[in-house]
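Across the two complexes that follow, subunit A remains constant while its partner is subunit B and subsequently subunit C.
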Partner chain A sequence: MDLAAGITPEDLDLFIQEADEQLQLLDEDIVRLEKESGNPDLMQEIFRAAHTLKGSSAMVGHQRLSDLAHAMESVLDQVRKGMLAVSPSIIDALLHGLDVMRLLRKELDSPDSKPADITNAVAELSALVTTNEQPVKQVAEHSGVLVPDAEAQTRLEKACQEGKQAYFIKVSFNKESHWTAVRSFQVINSLSAIGEIIVSLPTAQEIEEGKINHLFQILVASKNSAEDIRELLTGISEIENIEINVHEKEISGEAAKATGSDSTVTGKEDTKLSHTVRVDVSRLDTLMEQVGELVINRNQISQLGRMLAEKYHEDEIIVAFGDSLSQIAKIVSTLQQDVMSIRLLPVEIVFSTLPRMVRDIARKENKKVEFIIEGQETEVDRSVIEQLRDPLIHMLRNSIDHGIEAPDKRRSAGKPEAGTIRLSAMHEQDNIVITVKDDGKGVDPKLIRKSAIDKKIDMPENISKLTDHEAVNLIFNSGLSTASEVTDVSGRGVGLDVVKTNIESLGGSVSVESVPGQGTTFTLTLPLTLAIIPALLVSTVGTICAIPLSSIVEAGKLDVKEIQTVRGKEVTLFRGDVLPLLRLDEVFGWSDKNNRSGEALHMVVVKFSGSRVGLVVEELLEQQELVVKSLDHFIGESNGITGASILGDGRVVLILDVASLIRGAITERNNNKIKIKSSVSRLSIK
Partner chain B sequence: MAKDTLANEKQMVLFELGTETYGLDIASVHEIIRMQPITKVPKAPFYVEGVINLRGRVIPVIDIGKRFGFEKTEEAKNNRIVVINIKDTTLGIIVDAVTEVIRIPAESIDPVSDIVTSGQSDYLQGIAKLPEKMIIILALDKLLMKDAELVDMTAQDEDVKQEPASIK
Partner chain C sequence: MATVMVVDDAMFMRKKCAQVLSQNGYAVVEAASGAEALTAYQQEKPDCVLLDITMPDMDGIEALKELLKVDPNAKVSMCSAMGQQGIVIEALKLGAKDFVVKPFDVARVIGSVKKLIG
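Let's turn to the complex of A and B:
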C-alpha cells in the first residue's frame, strides 16, 4: 500500500495509535447512538471521530481510509442535521463501514496483505445520503462545527498560559447578504485587533475562495471580556446573530480514551497541560519486575540485618543500620503498592468492546436486547483484564442465545419485548466480582437433569439427587447444551465449560443462579491481580513448593494411621467424606511407594471444579505473598506446575497447578474404574 | 580493513565437556556464572536440571552433557553455568569449565560429517581445526528447536500410553 512520501515510522505509529482510538470510539458510540439518537453530544463526538480519522488518514496518505471516513462523515452529517433518522439500517451501514476501516487499518501492520475493497462500504453509505439537497461537499462541511485540530490546541494552550481567555464565537449573517466574505473579513479584522484568532471555520483562505455561507465560526483567545467582543462585532453590518461562549477545553477523544477513567480527574478544567502521561506497557512490566527484585533483595538484606543484630547486638553501628534498614523496607513496600496500582486498569477497557458484540448477536438472532453496563470504572490488574474478555463473550452469548426469548414469546409471557442484560463489576475484598444478569427464560433444572442423564454426564441416581442449584450449575459441564438446535452462536455445548476451566485456572470461580421464567445470573469472581498471589509454602523431600491459597480448603496434620486404601489408591476420611490422597513427591516422581517414610505427614486439602483432593506433603511452612514468574515453555507443560517465584533468601520455589494435579488424579481414577468394569464384563462373557 | 577481519573471524567462548572442547558464538552468550542451587522441576525433559534464580528472573538450566548423551556432567569446582540467549529464550547450560575466549578464522571451520557424530550433527555448526586442538562449534538455535520438538514428542508418547487404558 502506498503512503504519503516523507512519512516517518514515528508519524505512522502516532497515526496508528490515534486511528485505533478513533475506531474504538466510533465502535462504542455508534452502538450507543442506536439507543440515544437524540443525544447531540454523542452525535457530535461521532462526527468528530470520523472527521479526525478522515483528516489524519489523508495526511499519512491512506487514501481509501480517508475516502471511507468521508462517506461515513456525510451520512453522519445528515443524521446530525436531522435529515436522516437513526435506523438499524443506518447503524448497520456505519458499523459495516467501521469493520472495513479496521481492515484498512490492519493493512498498515501487514503491508503484504491484499488491499481491502472499500467500494461496497462506500456505496452502502452513500446510498443512505438523501440526494434531494445535492450536498455540495464544501458547503456541507462548512456548516459543520468548528473542531480545533492539534495545532490549534497547542496555540490555544499557549494563549491561555499567557492569561488570555478562549471564546467560541458564532456569527450568523443575514440570509440576504451578498457580502458574507467581506463581512467575515471585517469580523476577522476586528477580532485580530483585540486578540489572537486560533482557528476559524471557514478559514481565511477559504473565505477568499468564496467558500462561505451564512455561518462563520471563530475560536479566539483574548484578554477582553465577552461583552467587549460583542460590542465590537455589533458594529459590523448585515450580522443577524452573535453567539459568544467561553470556550472550555474539551479533552480530545484520544486523551480521554488513553487514560481510561480519569476523565473525571482532568474533567472540564481550564486549558492546562494534561495531567496524564502515556507509557508503554512493556515499561510498566519492566518496572514491576524491577520492583519485584527489589522486594526480594530487601527481604535478603533484612535477613542479614537480623543476623548481624543477633551477633553484635550491642554495636551502635548495627543498631543504626537496623533503623535505616526498616526505613528502606517501608519505602520498598510503598513502592510496590504504588507500582501495583499503576498497573490497575478499569474494566471499561474490556466492557466497552462488548455492546457492539451484543448488538450484532442480537440482530442475528432477531432478538431485542437492552444492554446495561455498570461499574465499568472498577479497576483490576492488567494481567486479569486480558483474561476477562473471552469468558465475558461466552457468557453474554449464552445469555442472548439461551436466555433472552424471541420478542413474540416475551410478549406472550407478559414481559417487555426487549430483554435486558445487565453486566456489572464491583470489588469485593481482594476480588473483582462480575455478574451477567438477564431477564430471559432462565435455566430449567428439570431440563438440565434430563439432558445430563441423556448425555451420561454422571449416574442417573446421582443427578436426581442434586439440588436445583447444583443441577443448574451442571451447565458448566462440557457436552451439555440445552439449546434444542445448534445455532451459529452457541449450542454446541462448548463455551461455558471453557469459561469455567479458564476462570478456575486463574484462581477464580464462576457460578450461575436461575429462576425459571425470570432470568439467569452468572457470577464470576477473580483475584485483583495475578502478578502477586498469596500462597502456602510446603516442603516435600527437601524441595519447597507453593500452593495458591485460592485453591486451598484446609491444611493440617495427617497421621499415617488415617490413610486407608481403596482399590490400591490412598484415601482418607475428611469431614465424613472419602478424600483421595495424592503424595506430592510420588506425583512428581521424586520418590516411590517402596521407601515411604512412616513419619508424621501433613495434608493440604485443595479444590478445583468441585473436586477435592488431599495433597500429602512432609511439612507446612509459612504463608507468603509471592511474585509470580512464568516458566519457560520448553520445561514442559501440564506437569502440575504453573510458575515459579523467588523467596527472600534467593531460592526458587515452584507454584503448584492444582487444576492439572486434580485433573490428572481424576483421569487416573476413571481409567481404573473402566479397567475394573471391563474385567467384570469379560467375566460375564465367559 | 577492520570489516574484513570481522567478517572472517568468529569470536568464541570455549568450554569443556568431558574431554572435548566446545565453542559458542560470543554473541549468544549472556554471561557466565558459578554453579548455584538448582530447583528441580517435575516431569521436565530429562536433560533439564531445573530452574535457577538469575537476579530475579527464573531461568531453566539444562545439562548439555546429558543432552548429547555423555555421562552426566560431574560436579566439580570449576563447573559453570553459561547463560545464553536464543531468540526470546534465556537459559543456562552447565559445563565442566569455561576455558577462554578466542577468535577463530572462519576458513578454519569445517562442516561436520554424519559419520563422526552419529547423526547428531544437527546441533553442530562445524568443527574448527586449530593448531593445538579441535573445537566443536554448537548451533544453539537448532539445539533449542529440537528441544521444543522433543518436549512435544514425549508429550505425545504419554498420550499414546494413556490411550489403551481408556479404550479398554
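Let's turn to the complex of A and C:
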C-alpha cells in the first residue's frame, strides 16, 4: 500500500494510534447503539469517530479506509437525522464495515498483505442509505456574458446616484478548487461588505444550488476603489485570476493602504494546552526496568553505607554520607511508586472489547443477554491487563453458553427473557478482583460429581466426599465439560482449566460459586502488578532462590526423620495429609542425594491449582520485594524458574516457578497413585 | 513570527496540520476542542485560526460564534470535510474568512493561512 507523500513513519504511528482508538470506540458504541438507539450523544460520538477516520485516513493516503469510513458516515448521518431507524441489519452492516476497517488498519502493519476488498462492506452500507448522496452538480460552464437586465439597470443607476462606482468583475477559480460554489459565495459575501451586488452570473440562487463551474461574473456598485476590491478578493483562496473593470467612468486608482501590521505576539512561548502525553509502552517498560536497577543499586549502596558506618562509627563524612544516602533512598522509593502508577491502566481497555464479543456469541446462540460492566475505571499494572483478556473471554463464553438459558426456557422458569451478565472489577488490598456474574441456570453440583466420576477425574469416593462448593469448582478441571452438546464456542472441556492455569501462574486465583437455577459467579483475583513481587528467599547448597509469597501455604523446619519414602519418592505428613516433597537441590541437579549433609532442613509448602508440594531447602532467609527480570533470552521455556532478581548485595536469585514444579511432581505422583493411597493407610495406622 | 491556532479534536489531523505549519515558519497553538480554543485564543492571541467543523461538545460553528464574540476581527478559516458545504456557507455568513477542504494538501493549508494573515 502506498502512503501519501510527506507521511513519515512517525506520522503513521500517530495515525495508527488514533485510528485504533476510533476503531475501538466504534466497536463499543455501535454495540451500545443497538440498545440506546435514542441516545443522541452516542450517535454523535459514533458519527464523529467515522468522520475522523475518514479524514485522517485520506490524509495518510489510505483511500479504501477513507472510502469505507465515508460509506459508514453516510449511514450514520441518516440515522443521526432520523431518516433511518436503528435496526439489527444496520448494526450488522456497521459492524461488518468495522471488521473490514480493522483489516484495512492491519495492512499498515504488514504492507505486503493482500489489500482487503471493501466492495461488499460499502455495498451493504450504501444499500441502507435511503437516498443516495447527491454529488455536487457541476453544470456546464456559463459561457455567456453578464448583461444587466432592466431591473438591474434601475438599481445600478440608483447606486451611481448615491456616488457609487460600478465595477464589472470576473473571477476564475483554480481548476482543482473543491467547492467553487462556496468560493463564489465567499466572493459575494466579501463584496456585499463594501458595496451592493447588482447582478451576478450565476445568480446567488444558482450558486446555492451548486450551479457553477470555474468562472464567476459580478456587477457590483461600491464606493471603494478597484484596488480595494482586488485586495479584498485576493484574500479568498483558490482564485486563479481576478479581472476588475470599471463599468462606466474611470476613477483614479488609489494605492491601497498597507496591510495592517502583523499583530505581534508578545514573546510568548507555546503554552502547553494538552495535559497528557502519549508514550510508547516500550519506553515505560524500559523506564520501569531502569528504576528496578536503581532500586537494586540503592540497596547495594545502603548496604555499603551500613558497612562503612560500622567500620568508622562517628566519622563526620560517613554520617553526612549516611544522611544523603537515606535521602536518595527515599527519592528512589517515591520514584518507583510513581513509575508503577504510570504503568497503571484502567481495566476498561480490556472490558471495552467485550460487549461486541458478548453480542456476537449471544446472537449466534440465539440467546438474549444484557451485558453490564462495572468498575471499568479500576486500575492495574499493564503487565496484568495483558493477561486478563483471555480468561475473561473464556468465562464470558462459558456464561453465555452454559449459564444463560434460551429465551423460552427462561420464560417458563419465570425469568426475564434476556439474561444478565454483570462484569465488575474492584480493588481489594493489593489485588484486583474481577467477577463475572450471570443469572442463568447455575451449575448443578450433582451433575458435576457425576461427570467427574464418569470422566475419572478422581476416585469416586473422593468426589462424593466433596462439598457442593468444592464440586462446583471442579469445572476448572481439564476434561470436564457440562454442556450437553458441544458448540463451536465452548463445550469441549477446554477453556476453564486454561483460565485457572493462567491465572494461577500469575499468582492469582479463580473460583466459582453457583446457586442452581439462579446463576453463577466467577471470581478472579490477581495481583496489581507482576513487575514486583513479594517473595521468600531460601537457600540450598549455597544457591539462593525466591519463592513468590502468593504460592506459599506455610514454611517451617523439617527434620530428616520426618521424611518417608514411598516408591522411591520422598513424602512427609503435613497436617494429617501425605505431602510429596521436592528437594530443590535435586530438582535442579545442584547436588545428588548420596552426598547430603546436615540433618536440619526446612520445608516450604507451596500450592498450585489445588495441589500442594513441600519444597525442601536448607535455610529460610528473609522476605523481600523483588524486581522481576525475565530470563526468556537465556533459558527459554520455563523449567521450574520464571525469572531472576538481583539482591541488594548484587547476588542473583532465581525465582521459582511453583506451577511448573508442582505439575512435574504431580505427573510423577499420578503414575504411582494407587501405591500412594495404600501407603496413606499404612501411614495413618502407624 | 505569526501564530496560527489549529483547532481539531482529531489528534492526527491536528498534529499533521501543526507540523506542516511549523515547517513553514509559523508558531502553532493547538486546541483539541472548542472550549480549549476559546481559552487559548485569549491567552495566545493567534493571528489566525484553522477551525475544524466536526467536534464534540462545541462544534466548529458554535466555536466560531464564540470566537467572534471574543474578537470580532478574528481571522478564522474553517476546516471541513466533503459534504459540509452547507455548514461552510453558514460559517462564512457568520464571519469565517475562509475554508479549507479535507483532506488538505500542504499548499492549500499554507495558502489559506497566508491569505488570512496577509
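As a convention for this text, the second predicted complex is superposed on the first by the 520 of 686 C-alpha atoms of A that agree within 3 Å, B and C clash if a C-alpha of one lies under 4 Å from a C-alpha of the other, contacts with A are read in each partner's own complex, and residues count from 1 in each chain.
Here is the rule we go by: a residue touches a chain if its C-beta (ideal position, glycine included) is under 8 Å from a C-beta of that chain, and two chains touch if they have at least 3 such contacts.
Every value quoted in this text rests on a predicted model; they were computed, and no experiment measured them.
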Touching partner for A:T543 - first (subunit B), second (subunit C), both, neither: first
Touched partner set for A:G235, first subunit B, second subunit C, both or neither: second
Partner touching more residues of subunit A, whether subunit B or subunit C: C
Touching partner for A:Q44 - first (subunit B), second (subunit C), both, neither: second
Partner chain in contact with A:K54 - subunit B first, subunit C second, else both or neither: second
Touching partner for A:F15 - first (subunit B), second (subunit C), both, neither: second
Partner chain in contact with A:I646 - subunit B first, subunit C second, else both or neither: first
First, second, both or neither for A:F185, with subunit B first and subunit C second: second
First (subunit B), second (subunit C), both or neither touched by A:L654: first
Touched partner set for A:W590, first subunit B, second subunit C, both or neither: first
Set intersection of subunit A contacts, subunit C complex versus subunit B complex: none
Residue ranges of subunit C touching subunit A (in the complex, touch as defined): 1-3, 9-13, 15-16, 19, 27-32, 36, 39-40, 43-47, 54-56, 81-83, 85, 88-89, 92-93, 97-104, 106, 108, 111-112, 115-118
Contact footprint of subunit C on subunit A as seen in their complex: 6, 11, 14-15, 17-19, 44-45, 47-48, 51-52, 54-56, 58-60, 66, 70, 133, 136, 178-179, 181-182, 185-186, 189, 208, 210, 234-238, 259-260, 262-263, 265, 268, 270-271, 273-274
Sites on subunit B touched by subunit A in the complex: 37, 39-45, 48, 51-53, 55-60, 89, 91, 144, 147-148, 151, 154-155, 162, 165-166, 168
Touch list for subunit A against partner subunit B, complex: 289, 292-293, 296, 543, 587-590, 629-641, 644-646, 650-654, 667, 670-671, 674-675, 678
